[in-house]
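Shared between the two complexes below is subunit A, which pairs with subunit B and subunit C, respectively.
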Partner chain A sequence: MAPILKTLGNPFVKNVLSAQETLAFAGVVISKVFSRRSYNSATKTVLVNQIYFTAVEILPLFITVSIIFGSLLIGIVFAVIKDLGLAEYLGSILMGFVVTELAPFITVLLIALRSSSAIDAEIAVMKVNQELNTLSLFNIDVLDYLFVPRIVSGMVSVVLLSWLFSILVLGSGMLFSIFIFGMGLDTYVNALINSTKFSDIVIMLLKCMTFGFFITLIPLRFGLRASHELTSIPVAVLNGMVKVFIAIVIIEVLSLILRFI
Partner chain B sequence: MAKNIERKVGLFILITTALIVASVVYIAYKKDVFTPTHTYTLSSKSGDNLTEGMPVVFSGFKIGKVEKLELNDNGLVMIRISVPRRHVKWLRTDTRFVLEKPIISTPRIVVTTTNFVHPLLDEQTVREMTVTSDINEIVKMIQPLLDRVNSIATSVDKLTAALASPQGDLSRTLANAQVLTSKLSQKNSLLEMAVADRESVKSVEQALSQVKDITGQINAILKKVDAMAVKTDASLYGQDGALVSVSKILKDLLAKLQKLETTVDNVNRMSTDAVGATGDLKGLRLDLEATIRSINDLAGNIDRLIPLKKEPEIRLP
Partner chain C sequence: MVSVQAPLISNLDAWLNVALIRQYHENLPRDQARREVLASLDRFGLGAVADRRISSLDDQERFCIMLLRAAMVKRSVLVIDRPFQIMPDLQDVRYVGRSLKWIDDLYEECHIFDYVWMKDQYGALHGEEH
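And now, the complex of A and B:
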């Protein structure tokens, strides 16, 4: 009995401690993010580069994916709404499901797949190559120089790209409503406006920021866990990405709870 | 290269931020965030189904929303609704506020104004809100039906329990039916199974055969009787039938009786006369006897005068 309990308890305790450490680390990073001293010219350059690599460089792919996926999704939603005779709930479904839930989720998945893994690998490689020690030797704050720009860039990118995704999906919906379902533009816009709540928008923005924060923080933290061996790099990336997806699910669930309480 | 990246990032942030701001401002504008609003107060005995942000609807259009819900010192729920300036015209002193609770959709406050000649509603006036509930109305209507359904369900429950029970009537009936059908399959007829005796079955069959013969004979008799009845009908009711003759005879008899009545009357008169005449009969007899004696005397005298005849005979009248 005792070995079984030990087998069950060890991973649980380890995960709880890991989550605790991550949250403590998050607290430190947040204080750095909101500290003016964290931002200097080097940090700003890294921030611009990071936003470029995270959000701008992915833009063509993101827009293409958003249009294709958004059109398909809107088509399905419209067809289901029409079949079930729920046309009066069109606005609620689009705003409540597509815009406030699906757009951040798809965006964060795309960015996590592309940027989180890259950040994780980059920091792990820097750890293996002892570049982090070198930065410390030059009295460069690793948190300021490496972490804060990436985390801020992650938050900004997810917020902006989510909004862009929402606008593209709603644009697809507008085309569908006008050309396929014969719904007037005013009707479509009014349905959306009547279903929009500012509280939902605020929750969506907060959720996007939280997504952006954790999908960069967790890879940074797991990248730091790499040892000085090259073989530790894939392990760090693997563990970091798994935790990123767990964090995404937890944040999604928490946001849903927040919306409906 | 770095400048190019900065430009691209700047452009991206600018455009996307502009999109966000523009869409938020547009939504705010469409939701009358920038429009001055008027606040009105309604009162209700209950705060059930009331929520902040609930729409206020006039003729199906949203003209405002519930801003705040409060409980005053008298235990009444005070509902503060905000209405944009352009919709204030729909609220008059005769306006009624009704909380509608549809079955499917969310509750809403429906504004009804019948006469727009009345002055505009004062913001300081506290109006009472009434409540209608589709669900409650339907529940009231359905309640008797539900009671009946419940009763039926109870009966069905009992029925199914009885059906499922091995000791139940149906189970026993089925068992009996099974025995019956098995017995029936072994017998030549239902009658044989019922009486359980082949001889009796034969007797019954013979009896039935006899009944069949008797029935045939009765049929033949009935045909004869029918033919006789036809003839009797003709002899009684035909042109030369007995009834026609009797009728003629009776008519004749009646005529004769009428004649006879006259005769009887005459006889009566005659008898009356005869009664009167009998009074003179004695005198007449005396006269007749005197006449006869005279004639006897005359005949005696003649015999004595004329003795030609040995036995003279005189016939009296």
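And now, the complex of A and C:
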């Protein structure tokens, strides 16, 4: 029994310690994000570039995926609602499922696939090339210059793209409601407005910001763990991305628990 | 510091590598920083490389960008570490001397460090101001 416990215990303790370190590091980064001293002309330039790379460049792909995936899903949801005779709950189902759950989840998956991996590789390459030494040599704080703009851009991008996803899906929902239920535009909009809860919006906003924070913080952290060997780059990206997906699942589960308490 | 140990930032354009120092430490607005960097690059006749990525620059262009970046520090004391390692194809040190003259108002002192066995390569600097 003891060897089994030891075999199970070592990775468990290791993972708990790693999570603890990440959370402690998150605390340091949060204090930097809210510190005015972290923002100067250089970090603002990086912030604008990062928002462009994360939230603007992805738009054609994101809009296409949102329309195709969102329309298919909303079509299925509407068909089920019609079959079960739950038309009166349409607004609650759309706001509770699509806006607060589905939109942040799809958005964070797309951004994690595209931007988190890029950030992880970028920082690992900078480490291998000794470019981080350059920054410290010129007394440039890596947290201020590299971390803060990327994390803020991650948070802003997830929030904005989640809203965009919601708008697009609710837009296709409007078409489905007209064609499947023969519902008027006013009735559809009223159903949505009546089902909107302030607490849901706040939880969605917090969830999006938490997603955005961790899907940029974790790759940054794992990118920094690269050694000076080129072969450490794929290892850093792989480890970082695995942890990003674990973080996404944990945040999703915690937000669900929070909603239903 | 101008050294292979302090490489240029590869995900920034040439001008942003130079502007970074003053943008970060003096909060110099981006447009003003760009104007000043372009004026400095013109001293080397390198205005055309301002918007290029580091990977597309040759060794001498990289050296000039590194030199300008180091000179952006207030009251800068330039330390050039093994210039022949940064520019392996360089025949002698005259190019370094010329480059330093073009920006001599931007720094207070300059020190070049290299191995003793490279001494002959520095003959061209003897008797010059630098």
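Annotations for the structure displayed:
Everything below uses one rule, namely that the second predicted complex is superposed on the first by the 258 of 261 C-alpha atoms of A that agree within 3 Å, B and C clash if a C-alpha of one lies under 4 Å from a C-alpha of the other, contacts with A are read in each partner's own complex, and residues count from 1 in each chain.
Definition applied: contacts are C-beta pairs under 8 Å (C-beta built on N, C-alpha and C of every residue); 3 or more make two chains touch, one makes a residue touch a chain.
These numbers were taken from a predicted model, which means no experiment stands behind them.
With both complexes brought onto subunit A, simultaneous placement of subunit B and subunit C is permitted, the two fitting side by side without a clash.
When both complexes are overlaid on chain A, the residue A:Ile140 reaches subunit C alone and has no touch with subunit B. Of the two partner chains placed around the shared chain by superposition, subunit B and subunit C are both touched by A:Thr45. Contacts of A:Asn194 after superposition: subunit B is touched, whereas subunit C is not reached. In the superposition on chain A, A:Trp163 contacts subunit B only, with no contact to subunit C. In the superposition on chain A, A:Val125 makes contact with subunit C only, while subunit B stays out of contact range. For the overlaid pair of complexes, the smallest distance between C-alpha atoms of subunit B and those of subunit C rounds to 9 Å. For the contact definition in use here, the residues of subunit A common to its subunit B contact set and its subunit C contact set are 45.
By the touch criterion stated above, subunit B contacts subunit A in their complex at residues 2, 5-6, 8-9, 12-13, 16-17, 19-20, 23-24, 27-28, 30-31, 53, 62.
Subunit A makes touch with subunit B in their complex at residues 45, 48-49, 51-52, 55-56, 59, 156, 160-161, 163-164, 167, 189-190, 193-194, 196-198, 201.
Within the complex, the subunit A residues that touch subunit C are 40-45, 122, 125-126, 129-131, 133-135, 137-140, 145.
Of all residues in subunit C, those touching subunit A in their complex are 1, 5-11, 16, 19-21, 23-25, 27-30, 33, 69, 73.
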